[in-house]
Every structure is written in C-alpha cells, then in structure tokens.
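This is the structure, below, for whatever I ask next.
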Amino acid sequence: MERMPKWADVIVTPLISLALAFAISALVILAIGESPVEALKVMVEGALGSSYGWGFTLYYTTNFVFTGLAVMVAYHAGLFNIGGEGQAAMGGLGVTLVVLALPWPHWALALPAAVVGAALFGALWALIPAWLQAKRGSHVVITTIMFNFIAAALLNYVLVNLLRPVGSMDPASANFPPATHLPKLSDMALAFGIDWGRNTPANIAFFIAIIACLLVWLLIWRTRLGYEIRAFGKSEPAALYAGISPVRITVVAMLISGALAGLMAVNNVMGEAERLVLNAVEGAGFIGIAVALMGRNHPLGVFLAALLFGFLYQGGGELALWTSIPRELIVIIQALVILFTGALDNMVRMPLERLFLTLNRKRG
Amino acid sequence: MDFATILQILDSAMRLMTPLLLACLAGLYSERAGVFDIGLEGKMLMAAFASASVAYATGSAWAGLLAGITGAVALALLHGLASITFRGNQLISGVAINFLASGLTVLLGQKIFELGGRTPSLSGAARFDAITLPFADSLRPVPVIGPIYAELISGHTILVYVAFAIVPLTWWVLYRTRFGLRLRAVGENPASVDTAGVSVTRLRYAAVLICGLLCGLAGAYLATGISAGFVKEMTAGRGFIALAALIFAKWRPWSALGATFLFGLLEAVANRFPNLDLGFVTVPSMFMNALPYILTVIILAGFVGRAIPPRAGGEPYVKER
Amino acid sequence: DPALIFDLGGKFDKSFNEAAYEGAERWKAETGGSYKELEMQSEAMREQALRRLAQSGANPIVMTGFAFGEVLNKIAPDYPDTKFVIIDTTVEQPNVQSVVFTEEQGSYLAGIAAAKASKSGTVGFIGGMDIPLIHKFECGYAQGFKAARPDGKVIINYTGTTPAAWNDPVKGGELLKAQVSQQADVVYAAAGGTGIGVLQAAADAGVLSIGVDSNQNHLHPGKVLTSVVKGVDVSVYEAFKAGAEVQPGIKVMDLASGGVSLAMDDNNKPLITDEITAAVDAAAKAITAGEIKVHDYMTDNTCPVQ
Amino acid sequence: MALAGATGTAPAIELRGISKAFGPVQANRNIDLVVPRGTIHGIIGENGAGKSTLMSILYGFYRPDAGEILIGGQPVTISDSQAAIRAGIGMVFQHFKLVPNFTVLENIILGAEDRGLLRHSLSRARGELKRLAEEYGLQVDPDAAVEELSVGHQQRVEILKALYRQADILILDEPTGVLTPAEADHLFRILRGLKDEGKTIILITHKLREIMEITDNVSVMRRGEMVASVRTAGTNPTELAELMVGRKVLLRVEKTPAQPGAPVLEVRGLGMVDADGVERLRGIDLEVRAGEIVGIAGVAGNGQTQLLEILGGFPEPGARLQGEIRLNGTPLPLSGTGADGRARRAAGIGHVPEDRQVEGLIMDFSAWENSAFGYHDAPQFQNGLLMDNAAIRADTADKMQRFDVRPPNPDLAAKNFSGGNQQKIVVAREIERNPDLLLIGQPTRGVDIGAIEFIHKRIVALRDAGKAVLLVSVELDEIMALSDRIAVMFDGRIMGERLPASTTAGELGCLMAGLEPAAAPATSGGTE
C-alpha cells in the first residue's frame, strides 16, 4: 500500500522543494538590494532563453552528468566516491596524452581513443583507493579526498614541467591539433541548416553523456553486475551468502565510477578548451555529489539534476556578467536547491503524504 | 636536523593542527551521536567570517569568537533540522552547508566591507594574542626542558590551549558522564536510547550543537588566532582533512589528537623542507606539498585497520515510517 | 565604451586584478566616462564573455591574465573592428595590444633591497600556486639578492598546487614562520590572498616583508619593506584613454618605462636607508642601460642562480 | 470475561479501544485487553497481527491514535517510554534494544543513571545486578560487551534492565524465538518466580506449547483485532491455532519413513579455526543421503553457523579450514575466496541461511529481485547480456502464489513483508531450484503457526522427491518432528547421532550440553 501516489513523490515533491529554494533565494536577493524578478529573468533568459544560452547550459550539464553518474555508480555499491574531482582531472590527462601522442587524421578516430584514454586514466585514479578499501579496509572517503590533492599536485607537475610548451606562461598543454577538435552541437545543427547556439561549447560529448546515462541505467538495473553492485551496496553479508565477491565489486564499481568521472574530460578538455589547463575540472567533481544524491541515484534523475545545475551555472554566470549581483549568489542558490530538494525533502513530503492519506480515507 | 629545528617544526605543527583538532572533535561529537557531518568545512568557514567581521567591528576578539560560534551553530542547527527533524540525507545536507557557507561569507563580506569577500585586517585586541606562560622566559636557559617549555608549549593563542584541553574533556564527557553514555548509545542504536525513555532527537541536537560550537572555535582560530582576518575560502579544505583525521582516529578523542597532530606535523615538515634533496634526486615542491596526503594514504593502508563508524551513523532514526 | 574583464581571481584580489580595477576607476574619475566590467566564473565563460562584449560594441576590451591568451587568439579575427588589450601575455593579432611586464626586473630590485635590509643574510620568497609565472618573480628576486649578497641564502616556498593556494593566509603565515625560523628576515610574497597572511605574520614576527603587484606598503606601515608594483593600473588607464585608437602590438612594460617599480611612500620611508636607495637606483640604472640583463625564467624555464 | 487471576483488585493493565495506523496500515483496531494482576498473560497471533505494535504502545514506544490505558485501575497517559517505566512497565523487545559495544552494566544503566557522572550509577548497578542474579538466577558478566554475549544472555540483560528499573509489569515479545530449550526452560522458571512475587507478565509467542505451559490467560489477535481472550486452562492448542489463523491447522508434521539413497553430502574431518584463532569446528564427520533429512541439534553458537557457512561457500574471512567435503562424490574446494556461493549453487546446493534479514534477503530489494538472489546468473534469467527481469518477475509471481506469500506482490520490498512471509520467499527460492542438497538453518524462527506448517510440508516434500536435506535448528521440537536422523553438535564437535524414534528430548538435551561424550555409535542412516 502506498502513502501517496508515485507520481506525486517523483514530481510534486521536488517541484515544491525547488519552489521553496527559489523563494528563499529571492529573499536573499532582496536582502542585498536587488530585484529577484529581474535576476530570475536574467537567469532564465541567459540559460534557457536562447539557443546560445542552451549551448552553455548543455555544456555544463554534460560535465555534471559524468561526475554525477560517477558518484551514483559508487553509491550503489555502498561506496562514497568524493574523488570525482581528481579522477576527472586525470581523465583530462588521459585525453591530452592520447590526442597529442598521435597525428590523428580526423576527430572521429581521435574521439574513441580519447574516450578510452579518459576512462582509463579516471579509472586508474580510482583503482588505488578501491583496492585499499577492498584489501586493507582504508576508508574510501579519506583516500579519495587525498587522491584529489595528489592529482592536483601531479597534474601541476606534469603540466608545468612536461606538457607545457617552452616559453608559455600558461601551465597548460599545447593546443590540440585542429583535426582533433570535436564538432560542436552548433556545427551539427548547421549541417542541417539550422543556426543554433553559435559559438557555444556544447559538443558531441553531450550525446556521449546521454549514452552514458543509458548505459549506466542498463548496467545498474539490467545486468548481473549491476544487480551484484546493488546487492553488495545494500548488504555485505547477504552478498557473501550469494557468492558475490566484495573485493571484486568494490574494485569494479570504483573503476566504473572513476572511468565515468574521467570521461568528463572529453567534454571540457577535448570538446571545449582543446588543451589541458590546470584547473579544468573547476569543482564539477563536487557538484557531481549533489547531482547524484539529488537525482536519487538514478540516471534520469542525475540527468535532470545535472540540467538543473547546468542551468544554475549558466544562468548564474549570466547574472554575474550582466548585473551587479555577485557570482557568489549563485553558490547560495545552488546550496539552497541542494538543501531543499536533497536534504529537506521530507519537510515537503510529510505534509503531502498526510494530505493524500486524508484524501484516500475520505474516498473510502 | 638540530634540536631547535625540531622544536620549530613541532611548534608549527601545533598551530597547524589546532583547527584540524577542533573540527575533528566537532565531527566526533556529531558522528558519535549518529549524525554524519561533511559540512565541517562550511561551518568553519562561516565561523571564520563571522568572527573576523565582528572582531573588526567591535575590536574584540572575544566578541568575534562569540559571533563565530553563533555562525557555526546556526549552520549546525540547519544540519540538525535537515537530518534529525526531517530525517533527510545527512550527506546532502552537509554538501549544501558547504556551498551555503562558501557563498554567504563572500556575499555578506562583499556587501559589508566591499573588499571582495575579505574582511579588513585585524589588529590589537581584535586578534587573539600569543600567551606567554608563566616562567617561560626564566626557564628558557634550562637545557632541553627550557626550550621545549618556552618555545613549544608557551607562546600560543588561548584557542590552542583550549583545543588541547578539549581532548581530555571530550574523553571524560564521552566515557565518564551520563550525557556521554547516552550520546554514544544514540550513535550505535538509537532505539536503545528511545526505549530507555530518553529523547533521541534532543540528544542528537545536543551533539550537533556541540559540533557547531567546536567548529565555531576552529573558524575563529583561523581568522582571529593564527591569522588576522577573513579571506574567502580560507579554510582551504581543512574541514575535509579533519574528517579524514576523524575516520583515521576511529572516532576516538585521544586518537583524534594523534591523527590531527600527524597531519599538522606533515604539513609543517613540508613547509620547512619545500624541496627535499635526497642526494640523487630533488623532490619537487609540488610533491612535497602533496606529501601529507600521500603519507596519509600510505599510513592508512599500512597501519590502520578497518575503521568502523558508529553503527547508526548516517541513518535518520525512523521508528514509524 | 571600453570594457574590462577580470580573471578568475576576482576584482578584489588585493593584487593584480585590483590594480586593473583601479586604473579603470581612475579613467572614470578623470573622464566621467563609463565602462563595462565582467568577472570570470569559469574557464568556458572566457570566450562567451569576450564575444558578448565585442558584439555589444565595447571598444577597447581589456582583459587581465595570461589565461585569456588562447581564447583571444581564436576570437580576435572574428571582430576586426574591435581592439583588444591583453595583459600578461602576448597574442599576435592585428587588433590586439599585448601588455607584458618585466616582473623579473622589479623583483630583481626587490632582491637588492632585501639583500641590503637583511641582517642575517637569509631572505625568503613565498609563492602562491606553483606555476611558471610565479617562478618568474622568484627568479628575478633571487638574481637581485645574489647580485648584492653572493653568499646569502634565499628560502623558497610555494603554498600549493590548487587554486586554493591563492587564498590560504593561514598557510602563508605558517610558511613565513618556517622561513623566519631559518633566519630569514625579509620575505617577498607573490601569493595573492595568501600573501596577506604572509605580510601579517611578518609584521607580527618583526621581520620585513615585500608586497606584490599593487602597492601593499600601507597594509602594515613601517613593516613592509616595499612592494613590487606592476603598472597594470597604468596600462588599463592608458588603454581606456586611447579608446578605439589603442596601438596593436606588444607593449613591454619594463623598468625603463615605469611599468614595473618598487613602491616608495611614507609608509616605508623609515625602512629605506640611503644605502638601499643607492643600491636600488644603481641597479635600476644598470638594467635600464642594459648593463645588467635580468634573466626571464619564462624563456627557458630555468633560473641562473641556485 | 472470566480470566484467571485475583478477583476484586483492579487489573494490572486495562486497554480500551486502542487503535493505531502506520500510514495506510491499520496495525491495531479498537483493541480491548484486560490483564489481571499477578498473572502471566499470553498473546498470540499471526505475523503482522499487531502484537508487537500493541505492546509497543503500552510501553510508550508508539503513540496510539485512539484509546485509553489504565494501569492498576488508574487512567494514565503514556507519552514516551519514560512514562511507561514510571508506571512500572518494562519491555523486552522482539529485536533487542541493546547497544552492542557497551558492557552489560552500561546497557543496564542507560537512561536510568542516577546522576550526571557514571561512577555512582555503575557501582550501584553492579551491586543491584548481583542481587538480581542471585534472586532470579540471572547470571551475566557485568563487564562483558553485549555483542560478545549469546542471544540468551543478551535477553537476560534485557530482563535485568527491566528489573533494575523496578518493573511491576514485564512484557516479553517472542522471547523464546532465539532460545534453546534449556534456555527457554530457564526463562520460564524465572518468569514463574517473578509471578510468585506478584509481578504481572505479558508474553508474546508463536509457540502454543509455551502458552499452554506457562500462561494463565491468553489473548488471540488477528489482522489488528483482538479476536478472543480466554483462560488457558479452558482451551487447547488446536482451538487456539484455529482462532489465530481462522482455519484448521495441522500441528504435527505428517511424514512417511525416509527412503535414503546414495550419500549426497560427505564431510570428513572438517576443522575450522577462525580469524581470531578460535577453533570453531573440530573433526566433523557427517553424511547426508538422498531422500533423508538430517537434523543438527545444538545450542546456538556451537559451530552450526560455521558449518552451514562453509558448506554454503562463504566461511568468514581469515578462517583456516581443513578436511574434506564431497558432494555426490565430487570433492568441493575448501580454500576459496570466501564468496564461493555461486559455485556451490551450481554444484547443486541450496541454502536457506539462518538469518533471513541479514543474509537471505536484501531488505530494500523487491520480492522479485530477492527471489533471484544467488541465482541471478541462472541461464533462464538471462536475456543476452542483460537480465531478463520479466522472466524473474513471472517466476516470482508463480512462486509467491504456490508458497502463499502474502501479499502476493512481486514488486513489494522485502522489508515490507512480515517475518513469516520473508522466510517463505527465501524457502521458495531455494527449494524450487530443486537442489540435490538443501542446507536450511532455523527455518521457522519467529514464523507463525500457519507458515511453519507450510514450510515443514515443503521440506518433507523435497525429501520425498529424493533430495538430501541438512537441517539446523535450535528448536528441538522441530528437529524431532522433521529429521530422519539427528546429529547433536557441541563445541564444534558432533557429539553423537540418534534416530528420532529411539531417542528422547532428555537424551538429546544431555548431548547438547556436552555430556555423555562416549556417544552411542552413529547410526549409518536408513530406516529400521
């Protein structure tokens, strides 16, 4: 027996939570002496009001989809992977090495190789924490935090000392050769004669993200491995009883998680910057945690949450660019959205359930 | 390495470990009561900002401290509301609080001081000064003990001593008092506390408030003790390191002292020897900077077994769904 | 109208971006004109911001920071009628003015001053994030110091490897104390917000510090030996003043042109002895005259001293 | 109502019109109950009938939606457990409410500390504990960590907790579900002692034998309602079972003599030393043939768990094993990864684990996911690279129907089924695979009469189909009723084997206690 219809829980609860988050954000905007209506208008128009805004929103969305999926897969195995930041950074290194290593004649050849490179490096960066957790019981939360710092140091060293062209100020790799530049969504639209999102960074990696969502969904809910991952995540003794090896699941789940985080580099490094810069991940790994948890650890939820954060990122950027509202406001709005939809959701759900229960009773 | 250098490194380790220790103990109270907290970073940041602002405005470090505690406690209450009253996801709530603090501090700081989120530098009574312990100077000439007392033990701000004193205090509270017994019980099996007629909610709120209080001390120390004012994001990941130390310490107070000391020491050593010359190769500074993290992983892998968190940790107490 | 884009560090970094802001404000105060300003939020936004500004008709568009180099190189040809000014790196496009500073020269003078002011013969350098640009400051400083005190010692620390390294005054203070315990008595900080902690800790510890980018002497009057000032404000001011007539090409802001200098004001007057003044002036003259060539770390990623 | 007990005085407890709903579930509906002072009052009912809920309301754990509670004739408001304790009520929950890593003393004083510092409370409790131990025979080591204690001792701690709080009314929710017969007897002696002192006791149990043995009155619940309250002396088990289930129930297991065939399982010299260096199994020799049920009797903690885990392919990590196990003549590898359940299943071993909630089921998984658990890589559940969820669902619906799992909804999460129905899901999963050997641990722990009857029938049917069954149970009744041959384990050893027809509970009890080490020669199976 249900307390309230599933549709209500899946749609009404998050919408009311979101409304509450924005209401409080509006109060904050008022408090700093700006107009919330104006701010909302700038955000919505800037992020969703034009193909141009969408081009950016979808670019950020793509990043968050990858890091969100990464957190999600590990979460299903009962592992809290805070290392998306480092894994995505290492994925960037993987992409860069692949792209710069060979004279790729065409992006279509370079892309699969880069995907492999990104996934491989991301996965490798998750391997040690995974192995330590499985074999030595070192808590994966600590080790992945540590590996974020270590990745930053390693990347810094590699960029400054090995990959940086001599004489360049920038701690960044050389530019990727034009042949490896990924098609932007705008290029693709143009091929169909549509002028959509010119000069925006959204690129073919967006489709890879969607494919990744589908594959992860299949993996978690339709394959034996996913079944085992979920079983292990829910109960280790039961997994043992069923013949599921904890070591194997821990390592495999973290490898997949790391690979997904690493894949983000296809979007930001290969698709957008077209070279590797020092701080390429820009906190997307941490946003992935919020995205996964808010998305209720389901790929569709992750996608929607990533879209929401993509909107906040782009809309917030526009806000900071074109109004005098400081960019930190966006961080606050993000925080409130995370808080209300992710942590205070029962505040909305409990009264709703009561409402539905009374309605049901009345109906008999 | 001579004796003086060792003393200086230890001295630096003591200062560097203090915010970690306070935050680690803060997390200890909360998590021992079954409320996981990855929002230590945010609470510290908020406290650092509030204490620096009020200390600047009033010229009193103590007023700043009070404000810092208030700021951290306010966020702690929010965490309590989400994770205790509304049985929300504690991890999400913690993440949200980190973001919230990160945004609010800069927004408010910019609004008030217009220095891009910084507060003006503090001076005089707006900062906690180093305290010279009695006889520090007269004992100095005594070999070994003298320098240890005068250089290492004496000459820290009051908050450092407070932090160290809270370790035995926490041990005592946890293992020798009624409150401690109930606190530990509620983190292991809240139903045991509930059926004993004690309110799980009240206990958990108490724990979360203490967590806020200690984060307040940690943040105030950062802004008004070890440095002189607030700079955005000045916690620089210390909340996460404190969390790592807490797991490292297996949620025990004395071990928390040890774990945070280790982190402080590693950082102090890396500060002191930025380019370690091993003769055949010089370790680049980037790796010396990462050394504390690398060593942590090695130590965890080699010497610390499985860390089992409080059994009811992370789960809201639901008796009627 | 002209426009100014700040890098990720933000407008109020008490340093580089802030200097640019001051230049713009001076232009505004003097001419009564208005300008558009933007702060970067993310890497991907750079291109967006430049294009949107160019489309909105802003001219010239001034941006601070080498990180814009690649993007500007890409988009400048799309807006041939707009003039761009980039500070801190070179972009070779017909409508771009590249302003570069010889930080190594300013830092060299700071090294001389430190050598003269130091009693112990040991001085320190504290960098922010460990990147080549900061090594350029470090190397110039070390060269100046060694020139004046060949037997002296420079202790070098970097705060970290992530952007957090720019905002960690606590660590800055601790690094300073570590250097002081190794007898350093003059410390040069090129570390953004972290530097604030360094200067503070130096003032507390009773040693001298050297500020960077803007004139930071006033932060602790009588305790900051001097500041290595980059004329970012001047270049922004001049770019704004020139308007659409900004001269494309590379503009080297060096010692000779006053692009880099040591800040001397009332705040540090008591610290600057005649000996320091004399040594610094002599070195400055020699550099201007080409008698002393200060090596630029960026050209080959090496430093001749140490 | 003519209940046994003192007349004239106000009843110890009187409940009037108690109702309680959990969301859409009406757990208690308008319940009246009278418990006379100084009596032992039994409460029975199927899984999910609402017994625990009603008692939890009385103890202040839940708040009723409606109704009135009178203690000693006085209306009281029991807003929380503190109020219940003040009213003299103590409760031993079905699932103990102890803090596992606390000592016994700490658990005892928790919530009843007499001042801010623990020292005084601890020393007072130590003295009090000593007194209670002597008075009621409730010995426990006050400084032992609770998690180190056997379940029986943990229960003592719960009882001591109530007595320490000077409870006048003691509620015990299925206290014997986890006890050995000897422990249960001991418990009953204690309960009688308490009753003689004038205390009032409420006892929830699924075992009618216990009801008949010890209670004065008994109340029967069904689907949230109180359907009868009668004098125990005036009723009988068959009547009670009918009241409970609402239909006729067979209380005995009907089975024909076994027709054992070739040995299916042969265990030779099996030894095990666990990660802490404790020797758990010592030279176990055991044989189970096709078409017979071998029951392993023994007090919990004598190695049965380890034996089942090793046979099932998941010995605890770090354990050292020796000896030989053969299945249908083929040796099974002993040195595995600790996660060899898959291989064991493939070889034809089915396993109903002792603890369904921790091992047998994933409580958050739906019934259909659980019903493939361990067999999720079976070919008929695959559809190319993916799992064939539709096939699993259909299979589950079918099993649920045949095993009468209620509600027969494959999409419901395991945690939302009552204990008996959870067990049916596990049993259905393992039996329906038609394994050559079925390992089955505590098949009916906490399961109501109707479900017990059903599960027993299925086990016998499997045997009759010519399969081997190894049954581990601490319920001597169950062992006696089901087994064709009984082996008794004590301290990691097989103390001896008996045939059910030619032994008595007393003899088995002796073996279970480790007495009579020179056991009679093992019968090599087969029927006389």
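Chains: A, B, C and D, in written order; residue numbering restarts at 1 for each.
Assume a contact is a pair of C-beta atoms (placed from the backbone, for glycine too) under 8 Å apart; a residue touches a chain by one contact, two chains touch by 3 or more.
Just so it is clear, the model here is predicted, and its values are computed rather than measured.
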B-D compared against B-C, more contacting pairs: B-C
Computed distance of Cα centres, subunit D from subunit A, in Å: 46
If you average the CA atoms of subunit A and of subunit C, how far apart do the two points sit, in angstrom? 36
Using the touch rule from the top of the page, what residues of subunit B touch 2 or more other chains? 110, 117, 237, 286, 289-290
Send over the residues of subunit C in touch with two or more other chains. 130, 160-161
The positions of subunit D in contact with two or more other chains are 23
On the basis of the stated criterion, which chains touch which? Give every pair. A-B, A-C, A-D, B-C, B-D
Quick one: which bits of subunit D touch subunit A in the complex? Just the residue numbers, please. 23-25, 312-314, 337-345, 351, 353, 358-365, 369, 372-374, 376-377, 382, 385-387, 389
Give the list of subunit C residues in touch with subunit A in this complex. 8, 38-39, 41-45, 47-49, 51-52, 66-67, 69-70, 88-89, 129-133, 160-163, 298-301
Report the residues of subunit D in contact with subunit B in the complex, numbered from low to high. 22-23, 59-62, 80-85, 91, 93, 97-102, 106-107, 109-113, 115-119, 121
Would you mind writing out the residues of subunit C in touch with subunit B in their complex? 10-14, 18, 130, 155-161, 164, 167-175, 177-178, 181-182, 193, 196-197, 200-201, 204, 219
Residue positions on subunit B within touch of subunit A in the complex are 78, 81-83, 86-93, 95-100, 102-104, 106-107, 110-111, 117, 237, 240-241, 243-244, 247-248, 284, 286-287, 289-290, 293-294, 296-297, 300-302, 304-307
